[in-house]
Amino acid sequence: MFLHRKELIQPVNVGTPDAAFGQLLLEQFGGATGELTAALQYWVQSFHVEDAAIRDMLQDIAIEEFSHLEMVGKLIAQHTTKMDQTAVGRAPLFAIKGVGPHLIDSQGSAWTAAYVNEGGNVVRDLRANIAAEAGARQTYEALIKHTNDSGSIKVLTHLLTREITHAQMFMKALDSMGKLTDPFFGTIKPDETVNVVFNLSQGEDARGPWNQAPFEYVEHPEPKGGFPPPPVNPDDERASAKPTRRH
Amino acid sequence: MFLHRKELIQPVNVGTPDAAFGQLLLEQFGGATGELTAALQYWVQSFHVEDAAIRDMLQDIAIEEFSHLEMVGKLIAQHTTKMDQTAVGRAPLFAIKGVGPHLIDSQGSAWTAAYVNEGGNVVRDLRANIAAEAGARQTYEALIKHTNDSGSIKVLTHLLTREITHAQMFMKALDSMGKLTDPFFGTIKPDETVNVVFNLSQGEDARGPWNQAPFEYVEHPEPKGGFPPPPVNPDDERASAKPTRRH
Amino acid sequence: MFLHRKELIQPVNVGTPDAAFGQLLLEQFGGATGELTAALQYWVQSFHVEDAAIRDMLQDIAIEEFSHLEMVGKLIAQHTTKMDQTAVGRAPLFAIKGVGPHLIDSQGSAWTAAYVNEGGNVVRDLRANIAAEAGARQTYEALIKHTNDSGSIKVLTHLLTREITHAQMFMKALDSMGKLTDPFFGTIKPDETVNVVFNLSQGEDARGPWNQAPFEYVEHPEPKGGFPPPPVNPDDERASAKPTRRH
Amino acid sequence: MFLHRKELIQPVNVGTPDAAFGQLLLEQFGGATGELTAALQYWVQSFHVEDAAIRDMLQDIAIEEFSHLEMVGKLIAQHTTKMDQTAVGRAPLFAIKGVGPHLIDSQGSAWTAAYVNEGGNVVRDLRANIAAEAGARQTYEALIKHTNDSGSIKVLTHLLTREITHAQMFMKALDSMGKLTDPFFGTIKPDETVNVVFNLSQGEDARGPWNQAPFEYVEHPEPKGGFPPPPVNPDDERASAKPTRRH
Amino acid sequence: MFLHRKELIQPVNVGTPDAAFGQLLLEQFGGATGELTAALQYWVQSFHVEDAAIRDMLQDIAIEEFSHLEMVGKLIAQHTTKMDQTAVGRAPLFAIKGVGPHLIDSQGSAWTAAYVNEGGNVVRDLRANIAAEAGARQTYEALIKHTNDSGSIKVLTHLLTREITHAQMFMKALDSMGKLTDPFFGTIKPDETVNVVFNLSQGEDARGPWNQAPFEYVEHPEPKGGFPPPPVNPDDERASAKPTRRH
Amino acid sequence: MFLHRKELIQPVNVGTPDAAFGQLLLEQFGGATGELTAALQYWVQSFHVEDAAIRDMLQDIAIEEFSHLEMVGKLIAQHTTKMDQTAVGRAPLFAIKGVGPHLIDSQGSAWTAAYVNEGGNVVRDLRANIAAEAGARQTYEALIKHTNDSGSIKVLTHLLTREITHAQMFMKALDSMGKLTDPFFGTIKPDETVNVVFNLSQGEDARGPWNQAPFEYVEHPEPKGGFPPPPVNPDDERASAKPTRRH
């Protein structure tokens, strides 16, 4: 059961409203790396994760992300309180769609659940979450660099901070399963190629620990699969589907 | 510059064509966790990653994923070579759209770049890639469990194996930067709340290393943000926009 | 600030798990008429609605809808606890994407914020909400008709009931502004055609109070706009863009 | 059967072409609240609405909306006849995609049928239509406020007027069924909670007729559903899927 | 200005309702190759095509396609008049979303204007239209092969016929401009590589008139572009963005 | 099997970085008419095309298009190497999402496989490809007209040239089957209306070879289909679904 208190989880005080910056902030309200993606991803995961403690963690963080979505929404609302001619010219989106937040990103694309990465296995879910946190953090850094409003910077820095907190929590959870630094999970045994790496993009090659021993590096990979059989079209009409070339 | 050889990187030999299983395989051709997502994600990242060795790794793996996309496509093509009445009834998709692979998932949704997670920072990119590999591996496991065709199982097991290989490579790369187990990256200093965790979903709480010391656990979080100011609509028309209630 | 309690707002007890019915239930989790659409629509509206009491109502109902989304998610989770061969055959979606709810509709399409209808004016918002409730109620009725599981029917009937409650609340709010039965709102004065209705689809015409007095019914409408000027292409290249026909 | 006359249903005469305003106008050509949404929504409804008179009304209005879509298209075409350097700088969309209307909104997002709200029940359909008209009217008001071109204002005011006309017609139709002010419709009997309202967003609560008698107001709602059972993963692999934590 | 007559442009009489076939028919109502795509594509083109005669043709055909969309809608409506248990089991889409047509394809994906191909040049438009007709014809052929209902076959054969008619008309129009068999159009002069063709997919090569003289065939293409400069990240933070590898 | 060489297929040298132009270039990276659409369309077709020579051609061209996608990506990367305040103001997209290419179009919409046109028949595929080339060429022309950077113009002119080359190759292939100028293909015999053309958009009619002999021109088309039967709702609840009008 959800509950809501009208006080914000942390204060939001914009100094100088700037609708164009408000539009950029949409990236964290209705964008791919935004709080809605995080909140829904973690919360949906909690429906299938069997470990009670990890499930509890997912719900705790999901609810915090909903509270952060609210903070971002309030930031946008405050940045769109002055829609003079300049503001309208720079951010016509709010003139057409109304002020305040909308479920779109900074380019006006509607939020889609295609952003959400979850399903079937808790290790997969937690890795998806570390990625989600990294994307969110990155966008907050970009936003902080493009405003001078100290009130906005304070809020965005807090939100960025919390993404690091969450990333750390997800790392701890993975680590508790031994899966933070171990690529393997699940029940299927890999085949014998698991340590082979291929130099498929050639020229100015540069190496690193990811293609040195114990990896077996194949400098000039060759196809092992042979020529595949030609396509078969099961309802092939001889007369017309097969081209009768005129040359 | 891209080059192509018609031989497959690894063999693909389906024993018993099964169009319904072919439809499930679309999940890894045009689906969220599929090879196209991986190939394009890593390859697009390579345009902005400055470290030459990591960039080379991203390109090497991207090209392998394109070669895997080709293998999945061949699997689907072979599974749709017999479209008798039963096959059409179970997988009408191929009867309507034609046999062979299409850029849609197992539910018929068109592939979208919203699945791709990249941009702005190599740590963010590599974390996104570990997540992508985990999703791909999970779907391959699900596919393997739902077929009895040994030829298909062999191919899918190889593709699953390679996702583990790639995950390991991405982990090595992150580790070489000290970012595999360190949640922090980027240039913005977190605020003082970085170690605080909130019990926002209450009841049957369960704890783990993610909310024990050194984390500071807040069992009954309270809002710190106060009541936000009410919305301001800058082009407020007094007469009609403000509701004049009749009660 | 959001809070969550792990107890459900109302009980959810499925008698006989049926994965195919679970798939239909996705329509109310990640579908157009589902609880996520309602929850987010009302909540986003609350960021720009100036009337404090209506804003409070929007938030109250939004939070209830989140709690209902949780109930629908639990219904789906319970319906996908038995994935035997029959269940997999009828609902392969859960075999591929994992059991439990996902943010997709019953046809596998990802939820999109394009479903959300809000912005700029409280009357518009409330009318959108009455429409949203009607769509949700209609889908619940369809779901109830396609299951025999009494536990599911009980839950779905409750959720349907609450949509009626919410519809009534939105109607009361509109009525308090005098806008439940008055088509007019906003600040722009309509032109002189406001009472004219056109018979533009002709044959077997049937009339009703919507095209009788005081409406002025035009039985054989004629264009009033004259021929529009031909298109002008501002960077028209005379030589090639203008077709030089060979006949 | 559709027919078309090249004369417009009403005149469209732009005084001063302004490509940036032309881009805003796309919102009503290929946007969520635009004429295409309305035309297709009402017309698709007419395929399942059984009442002949309401079906006729839906078709009459749908055809008018197609004629309005044509007017909006002509407005955009006229606003994009002068693509000098300033115009290109402010509305590069037309420089890249060509002048005249496209099936995208003012932010460049492709029109999607996810905007369309219809199906299964005429009351649901009519409520969706009143919402659609309100959205369209709201966007027309926003557009009128952001242009000084009297020719454009005249056209937009007419189009806004007609949305009010249509809203009134849909209201009349709902009223003829007794469903304009009655939230109930359909065949499922609500449960006993139909008059209960919950104060789920707490703090600075404000009341209105929507949560006063005859509604039963629950000021401090408690969960009634108890703790749900934990998730069950039917193809649970004991060995690896269940996390074996290391702490 | 649009007009509508309730009589269909051609008769539609389904013999035996089959909801599953009705679902397949959605491909031509709300699918990529369907009548809505064609109708809107040609009609939107007419707003920017300057040649009056071709513009008239585009409008004539667009209006016919709207009339065909109506026929497909009626086909679907008739195929969904018997929703017994078998029909619901095979086509639950109509049980959930209501009977009759919806703006989705046979897999349940919402129609999107991303299917529409138009803009900027009449030659481009006409080539897009020939492609659209070919796609529509192909889907009609697939549909005809998957029904035994003679009434449906008659309707679908007519609709397929008209796609051929339209293709022929578009070919005539292109031919009148000398652009049916001439690849060149527009105002930019190609560079010197226009006749070079590359053998970039190697192995089991097969040749045809498209890579024989006058084409210059490059059997073993080599990169001509040299190594590109490495990426430059303009807001590069030396300290943290550049990975400091630990090996 | 895919291979990659880090040298570009042709050189890419931007003289003056211009982030706003870089944003326009996204249209050919992640937009409808871009290189990704072409590459994937031709390559996916190759999985079902049975003619070995045409299949080889499709693969050759697909691989070239991937190489062109790489060139466009490098163009964008070079145009976003200077993100000073002006650049950020004109192209904030790169400030938020990171520099370099992304899989979105110039308006920020994610690439979707809905752009891809393929399936079931090689004639259909080749016609789709000629259309794809025409769209790509048109966008390149638009881009060339909106930059003064000679390095960019050189690259774009080359890419435009290759679209003409490919169009010519596809035309040769169609011609080899006798399908370049013959609208008919496939196995279904058209009905007797194949030469009839309808004047459905009336007023200022203009004629051309597409509606002159041997076409039979119907100047005043009448519906031939009669009135369709009214909709039937199979689970019609007499009591409530059928409106009981109150007038």
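The first chain written gets the first letter, and so on, giving A, B, C, D, E and F; residue counts start at 1 in each chain.
Just so it is clear, a residue touches a chain if its C-beta (ideal position, glycine included) is under 8 Å from a C-beta of that chain, and two chains touch if they have at least 3 such contacts.
Worth saying up front: this structure is predicted, and the values here are computed from it rather than measured.
Chains touching both chain B and chain E: A, C, D, F. Interface comparison, E-F against A-D: more C-beta pairs in contact at E-F. By residue number, the contact pairs of A-C overlap by more than half with those of exactly one pair in B-E, B-C or B-F, and this pair is B-F.
Seen from the C-alpha centroid of chain D, the farthest chain centroid is that of B. Chain centres were defined as the mean of their Cα atoms; on that basis the chain farthest from chain E turns out to be A.
One inter-chain figure worth recording: chain A and chain E are separated by 32 Å, centre to centre, where each centre is the mean of the chain's CA atoms.
Each chain gets one centre point, the mean of its Cα atoms, and the points for chain C and chain E are 28 Å apart.
Look at where the CA atoms of chain C average out and do the same for chain D: the two points lie 9 Å apart.
Each of the following residues of chain B touches two or more other chains: 1-9, 47-48, 52, 54-56, 59, 62-64, 67, 74, 77, 97-100, 104, 107-110, 112, 114, 119-121, 123, 138-139, 142, 145, 175-176, 185-187, 200-201, 203-204, 208-209, 221, 223, 225, 227, 231-233, 235, 245, 247.
Within the complex, the chain E residues that touch chain D are 1-9, 30, 36, 40, 44, 47-48, 59, 62-64, 66-67, 70, 73-74, 76-77, 97-104, 110-114, 116, 118-121.
Partner chain D is touched in their complex by these residues of chain C: 5-12, 32, 52-57, 59-60, 62-64, 67, 71, 74, 77-78, 80-84, 99-100, 112, 114-115, 117, 119-121, 123-124, 127-128, 130-135, 137-142, 144, 157-158, 160-162, 164-165, 167-173, 175-176, 180-181, 183-191, 193-201, 204-211, 215, 221, 223-229, 231-235. Across the complex, chain D meets chain B through its residues 145, 203-204, 208-209, 227, 235, 245, 247.
Those residues of chain E whose C-beta lies close enough to touch chain B in the complex are 20, 23-24, 27, 105-109, 138-139, 142-143, 145-146, 200-204, 223, 225, 230-233, 236-237, 239-247. On chain C, the positions that touch chain B within their shared complex are 1-7, 47-52, 54-55, 88, 92-93, 95-98, 104, 107-110, 121-123, 175-179, 185-187.
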